[in-house]
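Each of the next two complexes has chain A plus one other chain: chain B in the first, chain C in the second.
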Partner chain A sequence: MSTAMEAMFAGRIHQDGHALRRTTLRHTNLTDPALGICLWRLGGERFRAAAVAWGPIGGPYKLAVAGEPRNRDLYFSALLPFAADLCKRIRRVAATQVARQRGRHTDYLPADALQIVVPNRTTVAALGLLGRYLAYLSDRGGVAPDPALVEAGKHLRFYARHARVPGQALLVPLDRLLAEHWATLLSPFEQANLAAVDAQIDPPRGVHAFDSGFAAEASARIGPEPTEDIDRITDELLARFNEARGGATEPATIGPLIAPIEAHYRRLVDPVWALMARVVDRERALPAAPSVPRRFEVDREAFGRRVDWVTGGGRYRTTDTPRQAAMTLRRLEEPLARYEAEKAIEDPAAMVPYLLDGEAVRGVVASLNDQYRVRFRVKAVRRAIIALDTDDPVILPLGKKLWWTATAHDHHWEVQDVTANGAGSRITLMLYAAPTPARLPGVGDRITFSVLHTSSDGYRLPPPQNPPWTHTSAAPPAPPEPIDAGDGDPPAAAVDGATLPDPGVYA
Partner chain B sequence: MHACPTAAVAFAARVDTNRVLTGTTLEMPFGQSPFAIGRGVAFEALLRRHGHAELRRVLTEGLGVDFSQAGIENLREGYQPNTTGLKLRASVTRSRMAEIIASPAEPVVLDGAVLRADVGGLPAFFEADEMAIGVGGEIVVGENKSWPVVDGRPTDEDALGSALDQAATYVLLGRRTLDDAGVDPDRVSSNAVLVTPRNTGLTAVLHRQNVDGRVRRIERLLSAVPHVADIATSVPADVTFDVAADTSLPEQERVDAFAEVSDRLGRVYEPASCLSSCGFAWACRQCAFATGDPALSGGVVARALPGVVSLSRVAELSHGAPASAVEAPVAGPLARAGRLYDEAVPVPAPRRRRPA
Partner chain C sequence: MTARVAPSPYDAAVLAAAQAVEDAIRADLFARIGRQAAVVAAAPAGAGKSQLVSETAGLLRQRDLRVAVTAPTNEQAYSLVGRLIRLNPGLAVSFVHAQGRDLPPALAALPGVSQPSAAAAQAQGDPLVVATVDKLTDAYLRDGLGAFDVLILDEAFQADAARYYTAAHVAATHLLVGDAGQLDPFSPLPDATFWRGGPEDPLQTAVGVVLRNHPTTPVHRLPITRRLDPRAVPVARCFYPGHHFDSAITAGVREIRLTRPGPGSRALAPIDRALDEAAASGWAHVLLPGAPVLTADPTSAELIRDLLLRLFARQARVRCEDRPNPTDLRLSEVAVGVSHNDQKDLLRALLDDAGLGGVAVDTANRLQGLTYEVVIAWHPLAGSTVTDAFHLDPGRLCVLLTRHRQACIVVGRDTDQTLLDGVPPATPGFLGWDPDPVLDGWDAHEGVFRLLDPHVVHA
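Now for the complex of A and B:
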C-alpha cells in the first residue's frame, strides 16, 4: 500500500464527492448467476443461524427460519432444505467434467464450480462455524443426523477455508471485493459495512459520498450479527412463538406459528439481497483481468477434489499437523504473491502504488542493443541492453532484478546503471537470457519494469513426511470430533441491557 | 483510554459520552442484542452456581492447582453499586493481594476484584472477573467471555484481542497495586486467563496467554491520556456538554454545540478506536469531514500528510498545485500519485446515479 496513493484518494474523494476506482479491471471471477447466501444469527450465538436466505444472485431467494434456533430439532429441520439444496447444487455443478492436458498427462476437473457470494467476511466466518458444527454431528437419542446436514457442513467448511486463498473466487465476500476495487472515505474499520461502501461508490445525485455512506451505515442492517434493535423485535417474537408452541417441534404445530418471525427476517433480508445483486451487477460490468480464468481454474480444481472427497465420506482434520500447517502457509503465500503480481501487471491502476513506492519504474526505451556480449563462465553469450528514460528520478541499487511487465512470466533484467537524465533518470538494464524478439521492447516504447513476476520461485521441496522432533507436537492433533455436546441445553433467557448497571461488560 | 482532550474533559466531568447525543442521528448504536447479553449473564451464572463449582473445576484443570477447597470471595455482593462501593472493593482487593502474597497458604479467588487506576490524573476503577491468587506463588488475572472456542481457536479474533487487552489492563493495575504496597509487582503473572465456553454448549474451558506486549501498550496508552488538571486550567469555564445533551433543543443546535465544544478542546479522531469505544465518534467523524481532517480516513492517511492542513488541499496538491514550504515534503509524492493515477484510469464514464 502506498501512503501517497491513499492520501491522494482521500483528498480527491473528499473534494469530488464520490468513490474512486482502484482498478480498471475486475480481478475476481463472477459467475452468472452465483449462489447468494445471507445469514442472520441470534445475537451472541455463533452457531445459530436464525435465518438463512439463499438463491441465485439477482433472483428470488428461499428462506430457512427455525423460529427457535437454539432448539436442535427446530434448527435442523429448518436448515435441512438449505443443506439439501446446497448439496444438490454442488454435486450438479461438479458432475460435468472437462479434460485438461498437461504435457502427456490428462486430468479431469469440473467444467465449472459453484460460486457462493456473501455480503461480508463475517458471513464467511459464520458459514465456516456452521460448517464445523454440522460436519461432525453426533447421534442424538440413537437417531443419526440427516446426511444432507453433515454433507452441507463439510462443503461449507471447505468453502470457508478456501476463502483464505488470495484471489480465489469460490466464496466471495462482497465487502472484500469492493475494498479491492474501490477507494472510499471509509477507514478499513468501517469498510466492513457493505451498505456504507456501496453508498459511497454510488451516492444519490447531489449527495456527497460521505453523507450517503453515513446514512447507509446508520440505517442498513447487513448481518450475520444482529444489532440491538433487531433482536429486541426477535426477542418479542420468539417469546410469543415459544409460548404458543408449548414445547412442540413438529411441523404441523410450528408451521402456522412461524410466519411473524419469517416476516421479520424477510424484512431484514430483502434490502441485503437487493444490495448484493446491485454490487455484483456493478462489478460484473467491469472487464475481467486476463488472469481471472487461470485463478478460477485453480478454484475449480480444488472444488472438484473436495467434492469427490466429501461425497466419498472424507473427514477433515480440525487442527493441522505441523507439516500441514507449513504446507498451508506456503499454499497461501504463493498465491498471494502471484495474485498481487498478476493484478499489477495486468492493470495499470494497480501498478501505480508500486511505481510510487519505487518497486516499479516506467519510461521510454531510448536505445536497445541486442548484440551485447558478456562472458558467462567460459564462453561469451549474447545479451540485450536497453536504456530506459523515466519521467521521474529513480533510485535503484545496481544489480536489482526487475521484470518487464510484458514478460513477467519469463527471465528478469538487471539494473546496470542509473544516471540523472533531465527531470528523470536513465536506467541501463540487461536481460538475463538470450534475446529473442518476444523478450525485447522496441525503441520508443513506453514500458514498465517492476519487481513483480509470475514465474514460480523454483521448485520447492515438500516438507518431510516425518518432521523432526522439534517440529512435532507432544500429542498428535485431535481427530475431528463433534462439537455439538450441550447444543440441546435450554437456551439462556434474553436480558435487556437497560436493566443492567454495566451492559458493556458483555460486549 | 484516549489521548484526546475532548474525551478527557468528558471523563473528568463524569459525562457519559454515550448519552450526550441521545436522540440525534449521531447517537452511537452501542446497544447489544438481549440474546448476547443473556448468554453472557448465563455463562457467568454457570461459573458461580453451586459455590462456584464450575469455576473451581476450570481453574483446577487449567492452572494445575487444586481450587476445589479454595476460598472464593465474591466482591460483587455486599457492596453498594456506586463509587463508594467500588472504592471499598478496591481497598479489599489491595489488602487481599498483599496478605495472600505474604502467606500463600491456600489458593484464593477474588470474584469481581476491583483495581484502581489514575486515568489522566483522575481515579478510575476497573473490575476484573477473577483474580486467582496462590498459583505457584503468583496472582493470575482472569476474564470470562461467553463467545465459544472451537478446536482451540476463538470464534471471534477481534473479541479475543479486546479480551486480552482487558486482561492486560488488570495485570498492569494489579502490578501497580502490589508495587504501591511494597510487594514485588512481578508476582502478578504475565499469563492471563480467559474462561470461555467450549464448542456449542456452555461448558467452560480455560486458556492462558502471555499479555506482556499488551501490558506495555496499555501502559503507553494510559500515560498518553492528557492530564485532566492541565486541561482544566486551559478550559474556559463556559465549555460544557450541556447544550449538546439538551434533548429539548433541535438536533442541529445540539450537534453544532458539540462541534464547537470539541473544536475548542481538540479532538484526536482515530476511526478504529473512536468508533468502537467513544460515544462521540459519529459526531467527531462528522466534524472531521466538515473540516476535511485527513484523520477521517484513518491513521495511515493522516500520518502521510504532515504539514497539509486539509483533504481539499491534498486534492489540490494531487492535481499539481504549487506547494508551500511546509507542504513540500509530501507535495511531490501526492502530485506524482495524482498524475500516475490519471494516466492509468481514464476519466470515468458518467455513472448511472440512484435518484436522491
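Now for the complex of A and C:
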C-alpha cells in the first residue's frame, strides 16, 4: 500500500465527499447470478448458524432457522434444506464440462463454477467453521446424519479454504471486493461493515461520505456476529420458544412456534440481502480486467477437482500435514505476486501507487539501439538499449530490475544510467535477453516499466511424501474427540458473578 | 630489562565461557552421530556462529564424516565457503548452486573450492557440500543429493519449517545454529498466521519445529558477542530476554578517530555533534523534527547522506583488536540499514550521486549475518503515524542495531518515541504459540529508546 496514494485519496475523498475508485477495471469475476449466502450466529456459538439465508443474488432468498440451534435435531432439520440445495447446485454446475487443450494434453473441467457471494470476510470464516462442523459429524445412537449435511460441510470447507487464494472468485466476500476497488475514509476494521462502505461510496445527496458512513455503521447490522441488542431480542425469543415447545422437536409442534424467530431473522436479513444485490450490480457494471477469465479458470479447475473428490466419497483431514501446509504456502505465494502484478499491468489506476513509490516509471522512448553488444561470460552477445524520457524526475538505483508492462511475462531490463533531462529524467535501460521485435518498444512510444512481472518462478518438485523425523512428533498426539461431542449434554449453567467466590476480595 | 606485554584486547572470562559452550555443543553433536537427533546452538548477534559452523565442519571431516552445510541465502552460503576454507586450509569444499548463482570469483579461486552440479556432487560422493537451503532441497529431489552424516544449518532461526522439510532428509543428525533475535521467517500472504500454533505451521523456524516435536533436543546458548563491543551490548540485550552474553572485547579497544570540524563548519554542527557522539560512545540517535512523512522520506535520506559525507570528510580512522594502529575507514566498511525497498532505492541513488557507491545500503532482512565498522540505521518507526507488526518487529530493529563493530547512528524523528506512549495494541493470541511480535517489539523498542536517550542529537 502506497502511503502517498493513501494520503492523496484521503484528501480527495474529504474534499469530494464520497469514496473514490481505486481501479478502472473489475479484477474479480462476478457470475450472473451468483449464490448469495447471509448467515447469523448466536453470540458465543461459533460453530452454529442460527439463521442461514441463501438464494440467487438479486432474487428472493430462502431462510433456514433452527429455533434452538443448540439442539442437534432442530439444528440439522433446519439446515437440511440449505445443505441439500447447496449440494444440488454444486453438482449441477459441475456436471457440464468443457475440454481444455494444453499442448497434446486434453483435460476436462467444469464449464462454470458455483460462485458464492457473502457480505464480509467474517462470513467466510463462519462458513468455514460451519463446514468443518458438518463435514466431520459422527453417528449419534447408531443414527448417521443426513449425507447431504456432511457433503455440504465438505463443500463449504473447500470454499472457505479456497477463499485464501489471491484473486479467486469462488467465494467473494463483498467487503474485500469493495476494499480492493474503492478508497474510503474507513479503517480496515470499519470496512468489515459493508453498509458503512456502501454509504461512503454512494452517500445520500448533500451528505458527506464520513457522515453517511458513520450513520450506517451505527445502525446497520450485517452479521454473522450478533450485536448485543440483537442477542437480547434473540435470547428472549429463544426462551419463549423453548418454554413453548417443552422439549419437543417434531416439525408439527415446532412449525407454528418458530414463526416469531423467523420474522426476527427476516428483519435482519432483508436489508443485508438488498445491500448485497446493490453492491454486486454496481461492481458488475465495471468492465472485467483481461486476466479475470484466466483466474476464474483456475477456480473452475479447483472446483471441479474438489467436487469430484467429495462426491466420490473422498475425505479430508481436519488439519494439514506439515507437507500439505508447506505446499499450500508456496501455492498461495505465487498467485499473490501474480495477482498484484496483473492488476497493475492491466489497470492504469492500479499502477499509480507503484509510480508514486518509485517501483515503476513511465516515459517516452527517446532512442533504441538493438545492436548493442556486451560481453557475457566469454562471448559478446547482442542486447537492446533504450533511452526513456520521463516527465518527472525519478530516482532509481543503477542495476535495478524492471519489466516492460507489455512483456511482463518475459525477461527483465536493467537500469544502466539515470540523468537529469529538462524537468524530468532520462533513464537508460538494457534488455537482459536477445532483442526480438516483440520484446522491443518503438521510438516515441509512451510505455511503463515496473518491478512487477508475471513470469513463474519455475517448476518446483513436491516435497517427499514421508516427513523427516524433524517434522514428526516423538510422541504421537491422542486422537481427538468427535467434533460434535457434547451435543446431547445439557448446556452449562450461566456464569453469575454473584455466585462465584472472588479470590481477590479483601479478607 | 623485560619488554612490556600489551594487555589482551579480549575478555578471557567471556572467551572461556564461550569455549565451554562450544565444547558442549560439539560433544552433544558427536554423541548423536548416526542417530536421528539434533543439537541447537542459539547465539546473539555477532557471536561467531559462522566460525562455530566452520570449525565444527572441519572437525567432522577429520572424523571422515560426510557433511552438508546450508544457509537460507546465497550471500550467507558464499560467506560460509570462505570461512570454511580459511579455518580449514586444505579442506575440499563443493559449492552446489542454482543457475547464475556461482561463487564470486575471489571465493571460487580459493584452493579446495569446486562448484560441481548436484548430480556430480552425489556421484562423486563429495564429502563436504555447501548449498543454500533451497538448492539443497532441489538437489535432493532432482538428483538424490543426500546420505550425509551431518547437516549443519546456519541461520536456523531464519529458515522456515517448509524449506527445512525437504532439506532435513539429507542427513540423520543435524546441528542448528542461529540467532533468535533476528527476523523470523516471513510470508507476504495476508493471512500468513493461518497455521500459527499448529505443529504443521510452515512458517515456524527450523529450530521451532525441531523443539516442538523433540522437546528434549539440547539447546546451548553462546554467552558471547565478538562483533559488538561492551558499549553496544546493553542495547543488544533488549532483543535476547533470558539469554545472557557479554562482549569478547574489553572496553576501549575499539575506537573511531575523527579530525576536528575546523572553521567554517557551523552549518554542519548537528551532524558533527552526532558523529562525535557516535565516536565517543558507540551510539548516536539523531532526531529530525517530528512529522508524519512518507516511508521514503527525502529529508531523512539526505540527512543520512550528509552524515556519511561528513564521516569521510573528517577522515574517520578506526582502531580495533585486529588493527592496533588506526587506519582509514573504508567505504565498504560502512552500511546503511533500512526497512523498506523504496528507502533503499532512494538512498542508493543519493549515495551513488555523492560518490559513496561503496557504502552498502540494504534492508534489514538482507543485512542479517553481515558485519560493518559503522552502521547508520534508518529507524523503522521514523516519521510513522501508526505502530504495526511490521515496524514493531523486534527482529528488524535487532538486525539494524547489531551489525556494527564500532558505532551505530540511528536516524529518526523526535515524535517516534511517543508512538509507544499509552497502552500497547490488542494482539491476536494463538494456542501453542507464545511469542507475540507486536508486544515483544513494543518492549524492545521501549528499551532501546531508553538506552539511546543519553545519545540523542537534534538535527
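Basically, the second predicted complex is superposed on the first by the 472 of 507 C-alpha atoms of A that agree within 3 Å, B and C clash if a C-alpha of one lies under 4 Å from a C-alpha of the other, contacts with A are read in each partner's own complex, and residues count from 1 in each chain.
Everything below uses one rule, namely that a residue touches a chain if its C-beta (ideal position, glycine included) is under 8 Å from a C-beta of that chain, and two chains touch if they have at least 3 such contacts.
Everything numeric here is computed off the predicted structure, so don't read it as measured data.
Student: For the overlay on chain A, clash or fit between chain B and chain C?
Tutor: After superposition on chain A, chain B vs chain C: clash.
Student: Go through the superposed model and pick first if A:175 touches only chain B, second if only chain C, both, or neither.
Tutor: Touch status of A:175: no partner.
Student: Tell me which of chain B and chain C touches more residues of chain A.
Tutor: Answer, by number of touched residues of chain A: B.
Student: Going by the contact rule set out at the top, does A:151 touch chain B (first), chain C (second), both, or neither?
Tutor: neither
Student: Once the structures are superposed on A, label A:186 by its partner contacts, choosing first (chain B), second (chain C), both or neither.
Tutor: After superposition on chain A, A:186 lies in contact with chain B alone.
Student: Using the touch definition from the top, say if A:400 reaches chain B (first), chain C (second), both or neither.
Tutor: After superposing on A, A:400 lies in contact with chain C but is clear of chain B.
Student: For A:358, using the defined touch cut-off, is the partner it touches chain B, chain C, both, or neither? Pick first, second, both or neither.
Tutor: second
Student: Of the partners chain B and chain C, which touch A:342 in the superposed model: first, second, both, neither?
Tutor: neither
Student: Per the contact definition in the header, classify A:299: touching chain B only (first), chain C only (second), both, or neither.
Tutor: A:299: touches no partner chain.
Student: Is A:3 touching anything from chain B or chain C once the two structures are fitted on A? First, second, both or neither.
Tutor: both
Student: Of the listed segments of chain B (206-214, 260-268 or 332-340), which one clashes with chain C in the superposed model?
Tutor: After superposing on chain A, the stretch of chain B hitting chain C is 206-214.
Student: On chain A, what residues does chain B touch that chain C touches as well?
Tutor: 3-4, 319
Student: Would you pull the chain A residues touching chain C in the complex into a rising list?
Tutor: By the definition above, chain A touches chain C via 3-4, 164, 166, 319-326, 328-330, 332-333, 336-337, 357-359, 395-398, 400, 418, 460-461, 463-464, 467-474.
Student: List the residues on chain A that touch chain B in their complex, please.
Tutor: 1-12, 14-16, 18, 20-21, 24, 42-47, 125, 129, 132-133, 185-190, 202-207, 210, 214, 218, 225-232, 234-235, 318-319, 348-349, 351-352, 355-356, 392, 478, 483-487, 489, 492-497, 500-501, 503-507
Student: Please name which positions on chain C make contact with chain A in the complex.
Tutor: For this pair, the touching residues of chain C are 36, 38, 137-138, 141-142, 161-166, 168-169, 172, 174, 187-189, 191, 194-195, 198-203, 206, 209-210, 212-216, 294-296, 341-342, 344-346, 348-350, 352.
Student: State the interface residues of chain B toward chain A in the complex, per the touch definition above.
Tutor: Interface residues on chain B, with respect to chain A: 25, 29-43, 81, 127, 146-148, 150-152, 155-156, 162, 199-203, 271-272, 275-276, 282, 285-286, 289, 292, 294, 296-298, 300-301, 303-305, 311-318, 330, 333-334, 336-338, 340-341, 343-346, 348, 351, 353-356.
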